[in-house]
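Both of the next two complexes hold chain A, though its partner changes from chain B to chain C.
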Partner chain A sequence: MRRDIDVMAEIAFIYPLIALWVGACLLLLLARPLRRATRPGGSAALAGAALLASLAFLVRQGNEGLNVIAFGGSIAGDPLTASICTILLLCGMMAVALAPTYLAARGYDNPEYYVLLLTSLSGAMLMAMARDLVVVFLGIELLSFGLYIMAGFVREDARGGEASLKYFLLGAFASALMLYGIVLVYGSSGSTNIEALRSAVIKESVQSAMFAGGLALVLIGLAFKAAVAPFHQWSPDAYEGAPLPVTAFMSVVAKIAAFAVLIRLADSLAPLHATWLPAVRLLAILSMVVGNVVAVAQQNLKRMLAYSGVAHAGYLMVAVAALGSSHAKGAALDTQTLAMSGAVFYLLAYAIMTMGAFAVLTYVTGTGAECQTLADLKGLARRRPAAAYGMAALMLSLGGVPPTIGFMGKLQIFWAAVAGREMGLAVALALVSVVAAYYYLRVVLTMCFEETGAEPATAGAPRAAGWVVAISATAVLVLGVMPGLLMGLIGMVR
Partner chain B sequence: MLTDHLLSALIFLPLVGALALLALFPAAPEAAAHGAESDPHAGPSMPGGRAAAIRLFALVVSLATFALSCVLLARFQMKAGYQFLESADWLPMFGAKYTVGIDGISVLLVALTTFLSVLAIGYSFTVTKRIKEYMVFLLILESAMLGVFCALDLILFYVFWEAVLIPMYFLIGIWGHERRTYAAVKFFLYTFAGSVLMLVGLVAVIRLVGSSDLSALSIPGSELNDKLQGFPAQSLMWIYASFALAFMVKVPMFPFHTWLPDAHVEAPTAGSVILAGVMLKMGVYGFMRICLPMFPQQAMQSSGLFIALAVIGIIYGAVVAAVQPDMKKLVAYSSVSHLGYVMLGVFSFTHLGMMGALLQSINHGVSTGMLFFLVGCLYDRRHTREITAFGGLKRSVPALSFFFLVAMLSSVALPLTNGFVGEFAILQGSYLSKTAGPVWTAVAAVGAILSAVYMLWLFQRVFAGPLSKEENRAMPDLSLREKLVLVPLVVLVFWFGVAVTPWVRYMEPTITAPKLVRPKAAPIEYIALPGMDGVRR
Partner chain C sequence: MQGNSIGFWILAALCIAAAVQVVANRNPVRSALALVGVMCCLSVFYFAQGAEFVGAVQVIVYAGAIMVLFLFVIMLLNLGAPNPMMDRVGLSKPVALLASAVLLGSLAFAGALKIAPGRAVKSPVSGTVQQIGYALFDPGRPWLFAFELTSVLLLVGVVGAVVLAQRRSD
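Take a look at the complex of A and B:
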C-alpha cells in the first residue's frame, strides 16, 4: 500500500472515470451538430468512443491499478475494482449499441441520452472503486439520477413516466435510508472509511446497536439498488415502463455496482458476520423464492426478466453468504477467494445473459412497437431463426443448464456455498433453479415450438442490436465450455 | 494423431457435423418462412435437393461416427481398467480436467449410441419439417450422449448429462405429436429436477476428496476412492441419495417413471428410439459407474429399497402396458418393465446380474428401438397409433409383420433372441444374490409372463386375424430404406441370442474385476448359460 502517492498519480487512477465525463461533456458541446446530422448513430459512436477510451485507460493501468489508494483513502484500486469496472464498461458498450435505432424510431436519439448513460456508468464505476461510505453514496446518486431520467426518456410514453416516477420516489427513499445508516455508522464509530471501520470492528471498539443498525440500513439501501427481495418492488414496474435499451442498461449496471459494494463490505467487515449472516441468508432465500415463483406468472418478458433479476440477485446473495460464512468459520483463504471470484464471475455471466436477452427484444422490436410479451415472440424461430436460437441459448444459460456460462456461474456459487458449509442455501438454490427452468423454457417453446402463419419478418432489424445478440449468445456458449478464457479477468480478484 | 484422440474425435465428430450443417446450408429466409408446406418448385432455390443434401450429409456424419466406434471396438483390449484415456486441463479453479476414456461398461454403450444414431437418422428421411434443424439437433444429441458414456471427470460428466436434455427437448417440442409442448416441458423439468441435486452432491464429493477424477474415484481400492469411504457414513448417504435420485429419474425407476410415457409417445419416432435405446441407459450407466463403486456401503444398505422398486416397476409396467389402447404407449410402459429387470440385475451385486443388466441394456436398445421404428412406420402410414385402428395387417404388410414378430419375440425374451440372454442372466444373478434372493426373483419372473401377455396380445390384435379395416388393405409395405434400418437390428437380435460370447468378452473383465462387487455378496464363480459357454474364469 503506497501512501506517498502523488496527486497526478491519484488523478491518473481515475482516468477511466474522467474519460467518461469528458465524453459526456463533448456530447453536450456537440449536441447541436449531432442533432442536425442526417444519419443517426453519431452520438452513440461518440459515447462508444468514450467507453473505449475509458477501457483503454483501465487496461493501461494494468497491475499498477491493482494496488492503489487515492484521495485520502476514499477511493482505491484492487482486482475486484478492476474486474467490476471492466464488466461495467462492457455493459455500457452493449447498452450504447442497443439504443440508436430504438430511440431514433421514436424521435429521441438525442445526445443527452448518452450523456446520462455515461454519467450513470461513471457512478457505477465509482461505487466499485469506493472505500468510503460517503463515496458509495455519491456513486449511487450519480448512477441513479441518470437512470431515473432515462427511464422516462421517451416522454410521450405514459408508462415510461410512471416507471421513472416510481423508480425515483422509491429510489430516493432508499437513498435516504442509506444516508441515515451512514450517519449512524459515523456517529457510532467516528468514521465512514471502510478500512477504518474494518480495524474498528477487529479491535471490537464498536459494538453498539447504533453501529449495527446503521450497517443494516446501508445493507437495505444496497439491497434496494440490487433489487433483492423484499426490496425489489420497484423493479418490475420500472423495467416494464422504461424503454428497452434503458431496461437493459439499468437491470445490469445497477445490480453489478450494488453487488460490488456488498461483496466489498462482506469481505472487509468479516468479523461482523456472526451478526449479519442470518440477514444475508434470509435475503438470499427470499430473493430466490420470490423472484423465481413470481416470474412464473409473468406474461410480459420485461417483468419476467425483472423477477428473474431478483432471483439472480438471490443467487449472488448465496455467494455473499458463503463469503461471510467462510470468514466466520475461519475457512481457508482459498474458500473466500472462490466465493469472491464466483460472485464476480456470476455478475459477468448475468450481465451477458440479461443484456443479450434484452438485445434480442430490441432486435425483434426494430423500429416497430416494442416486443414485450411472450405472444410477441411466438414463432420467432421461423421468422428469425438466428435470433430465436440465440435467445434460446441465453434463456438456457439464465436457467443454468450446461454447457452455458450460466451453468459455470452457478457451479461456482454451489462450490462456494458447499465450501462455506452453507449446504441449506446450496440445496435451496438447486431446487429453485428447477422453477426457473420452467419459465425460461416457456420462452424457448413459445419461440421455437409454436407456429404462426407465414408472418413476414418485421422490417428494419437493427444491425447493432443483432451484433449484441450474436456476441452475447456466442459468449454464453463459448465461455460456458471454456470459462478458463475469463480467468485472467476473474482469477485475479483478491 | 487420430489414434491418440480417438475418443475425442468420436465424441465431437457429430457436433462438428452439426456445425458444418449450419455453415454449409445457411438459412434461406424465404424457404424457411414457408417451410415444408410450400410447393418445392415454387422458390428460386431447390428445396427438394437441399433437403436431400442435408439428410445425406447428416447420414454420412453419423456413419463416420459409427465407423470410428467400430475402430474403437476393434482396438479395445479385453481387460479391466480404462482405455483410450485422454486428459487435458479444463477448469483449473475446480481442478477439473477434460478426461475421457472407456472400459468394459461403457464401450458397448458407446457402440450402441453410434449404431442407433445412424438408424435414427436413416429412418428420419421422411421428416420434411425444418429438416436442417432436425438433423442438427440429432447430431448434437449424439455428441452429448457419447460424452456422457466417455466422460471420466465428474464435472465433465455432469455437463454432458445435462446437455443431453437440450436437443431432446427441441426434438420432442418441434417434431413431436399433438401434446408435444407439454411432453417436452415435462421431460425437461422432470429430469432436470432429478439432476440439480446431483450437482450439489457432486460438488460435495469433489470438496471432500479434493478431486473430480472419475477415472480414479470409480475404481474401488484406489486412493481417492478409499479417501471417500473414510468420510462419515451419514454425509455419504446424503450424497449417494442425490446421485441415486438423478439416475432413478433417468432410468426411470417406479415412482419416477411418469415422464417417460409422455415423452416417448409424443416424441418423433427417432426421438423415441434414442430416448428408449440410449438415454434410459444413461441412468443405468450412472448407477454402475458412480453409485456402486463410489458408495458401496450406501448402495448395499439401500439395495432392499431398490430391488423392491425394480420389481414393482417390472410388474407395474407390464400390467399398465397390457391395458394401453395406444401402441406407442404400450411400448413405453414395456420399457418401464424392462428397465426394472436391468435395475434388479444391478442391485443383485453379483457378476452375473450386472453382466445381465448391461447386456439387457443393449438388448432393450435393440428390441425397443425396433418396436418404436415399427410403430413409427405404422403411424406414418395411418397417422394413428390406436391398436383398434388395425387388425390382420399381416395380410397387407407381410414384411412389416415379420419384423414386428422378431421385435416382439425379442422383447418377450424368447430363447434364441437377445432378450432371453439378458433376462436369464439377470434372474439367475438375482436368484443367487444375497440382496434379492429367490422370492423377489420369483415375483420378477412373473413379469416375464406378463410381457408375453401384453406383447403377444398386441401382435394378435394388430397383425393376426382377418383384415378388419378396409383402409388398411392398401397400406404400402416397408420401403427399402425402412428395411435397411430394420435389418441390422434383426441381425443383432439373433447375434446376441445365439452367440453372445464375443460381446460378453468386452464387459466381463471389467465387471469381474477385483472388488467392483465389493459388498459381501455371493461370489459367482461360473454359471453355465446358453450362449455364454466361452465365459470361463
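Take a look at the complex of A and C:
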C-alpha cells in the first residue's frame, strides 16, 4: 500500500510536465477544427492554457516540490530546478505569443507548431529536473527534436530548411558525442546517477582517465546545446534561417536548459574540478571573446544576436567556473550560493532580454517580410517609436548598461567570480563588456539617427508581440532598478 | 590467452575494419552493408556478455529493420553510384585525421595504462527478457521513467515527420 502512495506522489511531482504533454495531445486531437477556425490564434490560446496550467502546478507544489526524489532517483526537485522551470515556462509563454501572427501570415499557423513547442519545453524542464545522465540525454533529445523541426517549419523558405538540416546534423553529432561520454562515465563508475557519481568521485574510486574523458564529452555536448564557443558554429546559421519566433524560442530555451545541467554538474561533481575547471575557464574565455568580437562585424541582427548569445554563454560559463572554483577551494557556502544565484539571475536576465529583442523584430515584421538586418531598423524611432524605445532598453540591457537587468546580472557574476577567486575571468568579463557595448549601441543609433524614405507604418503590427516587447522592456528596467523583487525566485536557489 | 578472449580480438578487429569501411567506402550501399557487419559484430559481443536479448534485438532491429530502411532511402535517392560527396577535401581532412589520431592515441594510452576499462561494470548474470522487464518496469528503479519518456520522444518524431512531409495548409 505504501508503495502506491509513493508512486502517486512521484507522479504529482511531474504534473507540470504532464500538463504540457496533455496540452500537446489535445492540440493534436483538435488539429482539424483548429485548422478550420476562421480566426487564427486558437492553437496558441490552447498552448498558452497548457503552459499556464503547468505553471499553476509548479506554483502549487511550492515547498513540497523542493525535496522530492522521484522515479528511483532519476529526477528530483530542488530550488534550482523550480526556478529554472519557472523561467522556462515564462519563456514558453512569450514564445507562444510571438508565433500566431507571424505564422498565419505565411500560412503555417498549424497546431503542430505548438505541439512541438510544448514538448520541446518539457524536454528543457526535464533537463532541469534530471538527476540521471540518461534522463538528461532524453531531455536534450526531446528539446532538440522540436527545435530541429520548428527551424524548418516554414517550408517555402529555403534558408529555414538549410538551418533545420544544419542544426539537425550538427546536433545529432553533438548528441552522439554526449551519449558516448555518458557510456564512458557509466563504464568507469557503474552508474549514471549524478548523486551516485558524486559519492563515487568523493570516495575517489573513479578518478580514471576514462571517467574524466566521459565527463569531457558530456561537457562538449552541453556546450554545443548552449552554443558555447568553440561549439557555436551552428548557431548563427540556425538563428538566421529559422523563423523569428522559433529563433526567439531556441536561443533562450536551449541555453537555459543546457546551463541548468552544467550548473548542476559543477555543483555536484565538485571534487573533480581539478580536471574540469581549466576546460570550463577556457570555454568561458573563448566564448566571451569570440562572441563579442565576431558580433561587431554582423549586419544581420539575427546573426548578431546569435553571437551575442555566444558571448552571454561565456558570461554564464564564468559563473559556472566560479561555482566550481569555490567548491574546489573549499570556499564558504555563501560563495557557492553567490555563484549559483548569480548564474540563475543571469539566465533569467538573458531570457528576458533576448526574448524581448526577438519580440521587437517579430513586432516590426508583422505580416510582412522578416525584419532582420540593421538596415531594416533605420528610422524605427520615427516609424514605430514604442517598439524603438523598447528595443533601446533591451539593447542597453544586453550591453550591460546600468540601470538595467543586464547590468545587475553581470555585476552578480563579476562578484561571484571575484569571490570564487577567478580574477582572470572577472577581468576578462569586464574587458569584453566594453566591446559588447559598441555593437548594441550601434543598433540604438541606427534606430534613432538613420533615416530611410519608408513611411510610418500603420497597420499589421501583431498585438501579442507588442505585449511581449512591452513586458520585457519594462521588466528589464524595473528589475534593473529593483533586483530584489526577484529574490523570491532566485534567493532560494540554495 | 583464453579461447573467448581470442574470439573477442578477432571480432573486435572485424568490427573495426567494418566500421572503417562505413566511413571510407565511396559507395553508399557498401557503406550501409558494412554497417550491417558492425551491427552483427556488436550483437555477438552482447551475446558473449550474456545479454542475449539485447544481442537479438541488435540484429532484428538495427541490422534488420533500420538498415533496410537506410538501403531503401539510398536507393530511392539513387545514391547507389559513387558520388562526389568526398571531393571537398581542403583543410578538413588533415584536421579530422589529426583529431582521430589524438582520440585513438589517448584511448590506446588509456588501454596501455590499464586505466580502461576502469571499474568493471558488474555484468548481468544473463540478459533474459524477464530480467530486462524487471529492470525497465520496476517503479523503484530509475529506468521506468526513462522508458516512458522515450514514448513522448517517439510521438514528437512522428509529429515532426508529418509536419515536414505534409502539404501546406490553406
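What we mean here is this: the second predicted complex is superposed on the first by the 486 of 494 C-alpha atoms of A that agree within 3 Å, B and C clash if a C-alpha of one lies under 4 Å from a C-alpha of the other, contacts with A are read in each partner's own complex, and residues count from 1 in each chain.
Methods note: a contact is a pair of C-beta atoms (placed from the backbone, for glycine too) under 8 Å apart; a residue touches a chain by one contact, two chains touch by 3 or more.
Remember, it's a predicted structure, so these values are computed and weren't measured experimentally.
Novice: Between chain B and chain C, whom does A:146 touch in the aligned arrangement: first, second, both, or neither?
Specialist: In the superposition, A:146 contacts chain C only.
Novice: Of the two partner chains, chain B (first) and chain C (second), which one does A:40 touch, if any: first, second, both, or neither?
Specialist: Neither partner.
Novice: According to the stated criteria, A:187 is in contact with first (chain B), second (chain C), both, or neither; which is it?
Specialist: Second partner only.
Novice: Look at A:134 in the shared chain and tell me whether it touches chain B only, chain C only, both, or neither; answer first, second, both or neither.
Specialist: Touch partner of A:134: chain C, not chain B.
Novice: Identify the partner contact of A:415: answer first if only chain B is touched, second if only chain C is, both if each is, neither if none is.
Specialist: first
Novice: With both complexes superposed on chain A, which partner does A:230 reach: first (chain B), second (chain C), both or neither?
Specialist: In the superposed model, A:230 contacts neither chain B nor chain C.
Novice: For A:427, using the defined touch cut-off, is the partner it touches chain B, chain C, both, or neither? Pick first, second, both or neither.
Specialist: After superposition on chain A, A:427 lies in contact with chain B alone.
Novice: Using the superposition on chain A described above, determine whether A:445 touches chain B (first), chain C (second), both, or neither.
Specialist: First partner only, chain B.
Novice: I'd like to know which partner A:271 touches here: chain B for first, chain C for second, both or neither.
Specialist: Touch partners of A:271: none, neither chain B nor chain C.
Novice: Looking at the complex, which residues from chain B come into contact with chain A?
Specialist: So the residues of chain B in touch with chain A come to 27, 29, 32-35, 89-94, 133, 155, 158-159, 162-163, 165-166, 169-170, 173-174, 180-181, 184-185, 188-189, 192-193, 196-197, 199-200, 203-204, 207.
Novice: Tell me, which parts of chain C touch chain A in their complex?
Specialist: 106, 109-110, 113, 115-119, 121-122, 138-146, 149-150, 152-153, 155-157, 159-160, 162-164, 168-170
Novice: Give every residue of chain A touching chain C within the complex, in rising order.
Specialist: For chain A paired with chain C, touching residues are 3, 7, 10, 21, 24, 28, 35, 70-75, 107-108, 110, 112-113, 115-116, 119, 122, 126, 132, 134-135, 138-139, 141-142, 145-146, 148-149, 152-153, 155-156, 186-190, 193, 205-206, 208-211, 213.
Novice: Tell me, which parts of chain A touch chain B in their complex?
Specialist: The contact residues of chain A facing chain B are 338, 341, 381-383, 385-386, 396, 401-403, 407, 411-412, 414-415, 418-419, 423, 426-427, 430-431, 433-434, 437-438, 441-442, 444-445, 448-450, 454, 456-457, 482-484, 487, 491.
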